[in-house]
Amino acid sequence: MVGELAGNYSTVVLMFGFAVVAMAPALVISRMISPRKKSNPVKFLPMECGQVPTGEGRTHFMMQYYPYILMFVVFDVMAIFLYAWGSSLLEIPKIATLPMMGFLAIMFGAMAFALYQSGRRRIW
Amino acid sequence: MGTATGIIRALNSGIKHIAMKRFTLRYPEEKLKFVGDGYQFDPSTGVGIAGYKGRHMLFHDHCTGCQLCSIACEGVAEAIAMVKVPEEFKQNKKSIMPQIDYGKCVFCGLCVDACPFYALYMTNDYELSSFSKEGLIYTPAQLQVKPYVAQDSEIKISDRGATHG
Amino acid sequence: MLKDLVTPENANVFVGKLGDILEKAIGKPLGYAINWGRIWSLWPVHIETACCSVEFGAASSPRYDVERFGIIEAFGSLRQCDLVVVQGTITRKMAPRLRLVYDQMPEPKYVIAMGACAITGGLYFDSYNVLPGIDGIIPVDVYVPGCPPRPETLIQGCMLLQEKIKRMKARKFV
Amino acid sequence: MSVIAPKFKLSEFIKSLLDNIFWIILLLVLVGFPAVFMILFVIPLPVIDGELLTPFLALTWLADPTRILPVVQAFMTTDIFRVMAFPGFGFAALLAAGTIFVERKMLAKLQLRVGPFYCGKFEGILQLMGDGLKLISKEIIIPAKADKPIFWAAPVLFVAAAAAFVAFIPVAPGWVVADVDLGLLGVFAVIGFFPIITILSAWSANSKFPFIGGIRALFQMVSFEIPLILSLLGVVMLTGSLNLSEIAASQSVFPWIVFLPVGAIVFFITMLAELERIPFDLPEAESEIVAGWLTELSGMMYGLVQLGTYLKLYAFAGLFVVLFLGGWNGPMVVPPFPAELLTTGITIGPITAGPFPGLPLFTQEMLNGTLMFVLKTGGVIFFILLPRGVFPRIRVDMLLNLGWTKLIGLAFVNIFIALGLLYAGVLGPGGLQ
Amino acid sequence: MMSTETENPPEDSTEDSTEVESPPPVAKKPAAPVVIPAFEKSISDKIVEKFGDKVEVGFVKEDRVRINVGRENVHDVAEFIRDGLNYDHVESVSGVDYPQDNEIEVVYHIGSYDDSSLARQILVLATRAQRETNPIPGNDATRLPTLRDVFYSVEFHEREVFEMFGVFFEGHPDNRRLLLPEDWADLPPLRKDFTIKGR
Amino acid sequence: MGGLTSTSKGLYNKGKIGMTFKLPPGLALQKVDERIMTLNVGPQHPGSGHMRLIVQIDGDYIVACDPDPGYVHRGEEKMAEYRNYILNIPHLERPVIHDSCNVLYPYVLGSEEILGIEVPERAKYVRVIASELNRCIYIMYWLAIYGIFLGHSTMFMWPAGDRELLIDLMEKMTGARVTHAHFVPGGVRNDLPPNFEDVCLRQVNYFEKRIKEYAAIFYDNPILIARTRDTGILSRQDAIRYGTTGSVLRASGVDYDLRVKEPYDVYEELDVHTNVMKEGDSYARSKIPWLDMLESCNIIRQALQKMPKSGSVRTKLKPNPKGKGLDSVYKRVESGRGSLGCYIVSDGKVEPYRVKLSVPSFRNLIALPNLLRGEKLGNMPSVYWSLNYWPVEADR
Amino acid sequence: MADAVFLALAVITIGSAIAALELRSLIYGSIALMGTLGGVAGFFFLLDAPFVALFQIAVYVGSIAVLILFTVMLVKRELIFKKIEDKRRKFAGIGLMLIIMVSLGAVFLDSGIKTITTDEPAPDFRDIGIDFVTYYWPALILMGLILAGSVTGSLVLARREDVENDQRAN
Amino acid sequence: MTSELIDFTLVSVALLGIGIYGLAVKRNFIRMLFAVEIIINAANLNIVAFGRFLPHSGGQTMALFSIAIAAAEVAVGLSLIIVAYRMYRNVDIADFRSLKG
């Protein structure tokens, strides 16, 4: 039957949904029973250590560390690929480890280069 | 390896302290004792040396209304005002006595130093918080009251740490 | 017919009546519970204004440990705090900031004026740069005198504040 | 004290409606409860223990409360119960709340002080309740230029994602919310949501400090995800399964930490980082960026994020236990269920109660497994909490360096150890386990 | 009974000090100490030798030497003090207002870390700026050359003197307000004509 | 800023002065203006204390930092011109209430010289004991805040608790926890209480034992070392050039301690050891005060031994003492933060003509913008607080 | 049951795909894109390919979406929204879309796959791992090369070694 | 009635159409990237669906490879965006055209 495996995973969604259903009312109730005063013009300004905020709030990007995010996208793929291999390791012949080692070697090379690049903070 | 030993030493030190005695003085139940070894406090009259951070105590039968305390305080915090008191004292012809505003007083004790007639003293009654500013102004009648002193805790040092008790 | 009945006014009357009933039914216990929660969870905002902050620090040290009363020292952001302990002198440069901090905090919020300086200006009553007390800029709930107050006095002030919150009315339910 | 507003406002109306719904529920419970029994005669009832539950039987609960036990038992096998109560949300939230309290008390003890003490008569036991009540009655401030939908949704989603994470953790044999073949991969998939929620929440506040914190959190979580994933590969290789229950069951003799200590250490460190605990709490570093990405969250939003954080903490600790410490395996300490309760009932003095045919609600294995699991989880949580008292916070560049060089290297060492163990025949088919 | 010593009874003249017609304070120190310490004397001699009557020795006490300079020469003298005498940092810069002389004195206390023979010594370099009755800080004649390029450590001190006395330091890169509120519009507060209330 | 264009000769051109070398060259590109963000750190900020730092950051690096003190400027120097020599005491110790004996010390020494008073021998010893105790109290508080700035909450609690041992001693001695007003021209206000020596010795010994335990959790903690080593390096030349003082100076390798170099009161008779470290980084700056505390314990023990067991502690003053005509003195002492000078000008009236406190915090502040430039944002709290800076004192 | 889930997923996926392209705000667009990706992951679940589904969530939602969000936040200038699309172009695009949909859909509906249905169990996920290192191993190596190349290339692209050129751009 | 191959195929076709529409109409690089992602997903969906209905594990393997390559592509594409943004402060394709001249 198509789609029978999906039922197992539905509980995760159920859990997720239950948390949403249980927590959203908490916010609503909180909003209902909490006092509110609107009269204050500065109250809703962004908080900035007792100063009236200046400038744009969303301009901080640690570009010095940007390569790490780029690396993450690629090596995340690699790491989960390894699971496909690792979980079936007991069933495959030993010789079949070699391609995986080759794959790892290539990735190590790339990782070494990437780490070297990201270590040079001045170019980011 | 130095890093690993350092981390383990730090963790060890932390865990060791979980077994140590607590240092906390449980304040509303226990209060620090101001008598005993090394303290300069006279529990029978309730007065301490000038410099104790507690409210003042005024002996009505000594005060002559000479205003010297008020003058001394003027250079510090202007906390003392001289007010009329209803009773008559023979040493106090003008019937004025100091009234202290603890919202201003900084507990420096210069007024105690200044009083030549041994009428004003500092005590160790420090529980002065109040809901209003007016509640902080102590009239001569209030200043006359001898503070109730129930302070009995002091630091005890043992092998497993210092505690109060 | 029915359209005439379901007008905003009628709905409002209906809701208001229900709200009243509700208020009577569970408003009181809920208010009590909320007040109880507020009493035991006073988080002071992290604003140091002058030297009294030393004794404020001492009050949260192991010896006096205000966390026993649910007061957490060194809380991060003012958006999560409910108590301003004005720790001493407010200079003219600091006053607008203090006001801003107070304004930006969420309701309900309480103020403790700690130290002679915060109450009346104290030692600096004649200084050119010091405010004579903070009543002028923010409403104060409890005054803690001293220069600086002993941590015991501060704790006593916090207990007074708890007393005061207990008597305050929690917000109406509806 | 009438509350009639001069003008009709939809929000107020909805608010009042909600109140009324609450009120109606109250009435229903009082009046409607007896009515339920009437209805019982009309609707079809479930089969329990091969026996149809008749309305008559159902009504006899009133006479004999023990007869409700089969129904309870039947209910406990449903998904709803698992999600809401036992291995799911309720249990995790309880443990999370306990963690918060224990953290405060333990930290206080380490620092030679008392911690919460007066709230609740005994040792401040009600402190959390006080905090919760306070938070729920606290105003929620939405900054003026914030992106409102995302700002509102982020705390809820955070809790929900943490709850979804909890769903994968097996507590006792058979007691897991989602018993899936690819549990571990599911965990990775769920972990991937946290950086997104964090950065969206930080971005939506439109304020400087939250955004710095969010960016830091993003970098931190993202770069520790890879060592996290890699460090668990060893276990998967040795077990040959991605099902967390199977992995736990496979450790009945040795927990994997005996063979893969390196992986366990790496996983522990990455876990600390993913949880933003000291020494890796850079996204919330007060002394640098106020409260990091939590800066603009006020009132119950903050409370929800805290709840989510501690749910996540529990889930990670549980994952550590399942993967490295043998899950529910352990010596049997819970005594077997007294059989005479089923047949003769229990006699205390003059009163005899029972027999209880519905019992036992839980099997002995399940109770023991839960006990073992909770004990081990408690131990792991202790070690997660301990660094908070011992270490200072580290810096973001140190953190990234640590994650990308040292931890990934160690994780690969761990993989090769596992490979070596497998191919040398120590473990795996024909080996020890 | 504890012993409270009451040494200072009546202090009645705290506020009104009209009894003494205060002598106009002048920089010239009349009474030199009886024993002039030798080492300190040698320091002041070196300066006098270099600059002649451009400088004036205020006093030579134990560990303290005071040099009074006119505002034209203060930069040169300071450079000589640094390069020739091995003093290397300024401990404090204080202004003193002398309304009677219509001058504001700026006093640099200069010390040395590097030279251990000078460790005890403080060289007091005093100079005077013209005082304005109606000051407009920064835009009037109350000016002095900055010593920041000679002694880096005076940077914040000079900023402070600027806002407290209105002495503008020419050549100082960053003559902004430091301690006072941003909206301070009164007289510079440490001038003598700035009186505080009730006193 | 600035300061890199120094045209002067001699000492200043020998070494590399420029902090610019620390800036990664990519960051010198300030024209990519969107990358630069201005942060207000303070005054309501857990990592600022009572001041504001205007910090410009590019990603994780600080491009410029402009300290903005003055939030506690209370005009003490102006007030001092309106009070006589005695009444000045309470407010002149407020700048650093937890180091109040030391902050009052130069003023008292100076006014003694102006008023021409001799101090009894026993009073001098009492002063030394009080001042050393106060130094420890100050450093413990400083250490506590340093701990919390580094995110180490235990390191806030332990010092803050253990310092109470010494506060207890001070309380026994003077009656007050922090603001003692104990030193007056002519001696000290109160004699030591009976049996003080034993209590003092016991608590100081225990205190010393306690602070030695901080090594494992703090000073030898590898994470702390990795975090503070090589951050905010102040070279020896720069330390001298900026005129820094106290622990900042000694951490940069300058052996300068006024208790040794210019001993006041009875320090000549005591054996004082100066702690010097070469590195000049945050770690060294944070370790020096700790070593200082151990040294202070030694000094206290010596002083307790050598102190005359009885005798007067206060020379009586005339009422309303006056100076002898126009006079000026500059006295300095080594406080918990460094050399603290007091410049008193008297014109022969009952009030001083001008009192100027040259406070170490204010002097160390000059180093801050230079140290922070090119540093990572995460280092800001540790570098800032390692300067041994107490904002209230700097503002006066 | 499966049908209801299928329908819901289809609506979510297609709806959020449209939203991803049409929402004004790029941030919301990215969130909608996440919805699309998640919806496709849901289809994978329905197709009994949980490994692919979880891989999709972990990689697409967990990392690619993060990267996209980061970039979108970085390039948040209002310039992005300034250019208004050509109306005609838009209609042409819609027409193209409809043509493709209708023609391809007709082809599929017409073809034999309409009748294909299966009752066989789904392949086990372990087969994938075995496939990887046995039959498809050259592809695996190629895959490694592509990934390595992409990380190298993107790093080389994104860095700013040519600082002077950059200044010219200002 | 359970869902069948044709249903999945139709969804995939719809996604493909939307993707092509986006690619054709949108002038914003990031949007175009979105469109590409949608197309890739449509393809993946087809692959996996056919793999399921003609039971063969190759479908899933193909999909895995495809996702991985998509990740690589996104990494490179976003780097390109960053570079372009840094140089032109704009993410409009029309402006990139000026690169030619």
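For reference, chains read A, B, C, D, E, F, G and H in written order, and residue numbers begin at 1 within each chain.
The definition used in the following text is that a residue touches a chain if its C-beta (ideal position, glycine included) is under 8 Å from a C-beta of that chain, and two chains touch if they have at least 3 such contacts.
Since we're looking at a predicted model, the values are computed, not measured.
Asks: What chains, if any, are shared contacts of chain E and chain H?
Replies: Touches both chain E and chain H: nothing.
Asks: Counting one step per pair of touching chains, how far is chain F from chain C at the shortest?
Replies: 1
Asks: Using only Cα atoms to place each chain's centre, name the chain farthest from chain C.
Replies: Farthest chain from chain C, going by C-alpha centroids: H.
Asks: Please work out which of C-D and B-C is bridged by more C-beta pairs in contact, and write that pair.
Replies: Result of the comparison of C-D and B-C: C-D.
Asks: Can you tell me which chain lies farthest from chain B, using the average of the Cα atoms as each chain's centre?
Replies: H
Asks: Can you give the whole-Å distance between the Cα centres of chain E and chain G?
Replies: Computed value for the inter-centroid distance: 73 Å.
Asks: Which integer distance in Å separates the CA centroid of chain B from that of chain D?
Replies: 50
Asks: If you average the Cα atoms of chain F and of chain H to get two centres, how far apart are those centres in Å?
Replies: So the centroids are 63 Å from each other.
Asks: On a C-alpha centroid basis, what's the spacing between chain A and chain G, in Å?
Replies: 17
Asks: Chain C: which residues touch two or more other chains?
Replies: 34, 46-47, 61-63, 65, 68, 74, 76-79, 91, 93, 97, 101, 104, 106-108, 123, 126-129, 147, 150, 171, 173
Asks: Can you list the chain B residues in contact with two or more other chains?
Replies: 7, 10, 13-14, 22-24, 26, 40, 48-50, 53, 72, 75-77, 106-108, 113
Asks: Scan chain G for residues touching two or more other chains and write them down.
Replies: 2, 46-48, 50-51, 55, 58-59, 62-64, 66-67, 70, 73-74, 117-118, 122, 125, 127-128, 132, 143, 147, 149-151, 154-155, 158, 160, 166, in rising order.
Asks: For the complex, give me every residue of chain F touching chain B.
Replies: Per the stated touch rule, the residues are 83-84, 86-87, 89-91, 154, 161, 164-165, 168-169, 172, 174-177, 179-182, 189-190, 193-196, 198-200, 202-203, 206, 213, 216-217, 220-223, 225.
Asks: Mind pulling up the chain D residues that touch chain B in the complex?
Replies: By the definition above, chain D touches chain B via 106, 109-114, 117, 386-387, 389-391.
Asks: What residues of chain D sit close enough to touch chain C in their complex?
Replies: Within the complex, chain D touches chain C at residues 1-5, 8, 12-13, 15-17, 19-20, 22-23, 26, 104, 108, 111-119, 124, 126-127, 129-141, 209, 284, 286, 290-292, 294-299, 302.
Asks: Name, in rising order, each residue of chain G that touches chain H in their complex.
Replies: 2-3, 6, 10, 13-14, 17-18, 20-21, 26, 29-30, 33, 36-37, 40, 43-44, 46-49, 51-52, 55-56, 59-60, 63-64, 67-68, 71-72, 74-75, 77, 79-80, 83, 85, 89-90, 92-94, 96-98, 100-101, 104-105, 108-109, 113-114, 116-118, 120-125, 127-128, 131-132, 136, 139, 143, 146-147, 149-151, 153-155, 157-158, 160, 165-166, 169
Asks: Show which residues of chain C lie in contact with chain B when the two form their complex.
Replies: It comes out as residues 62-65, 68, 116, 119-123, 125, 133, 135, 141-147, 149-157, 159-160, 164.
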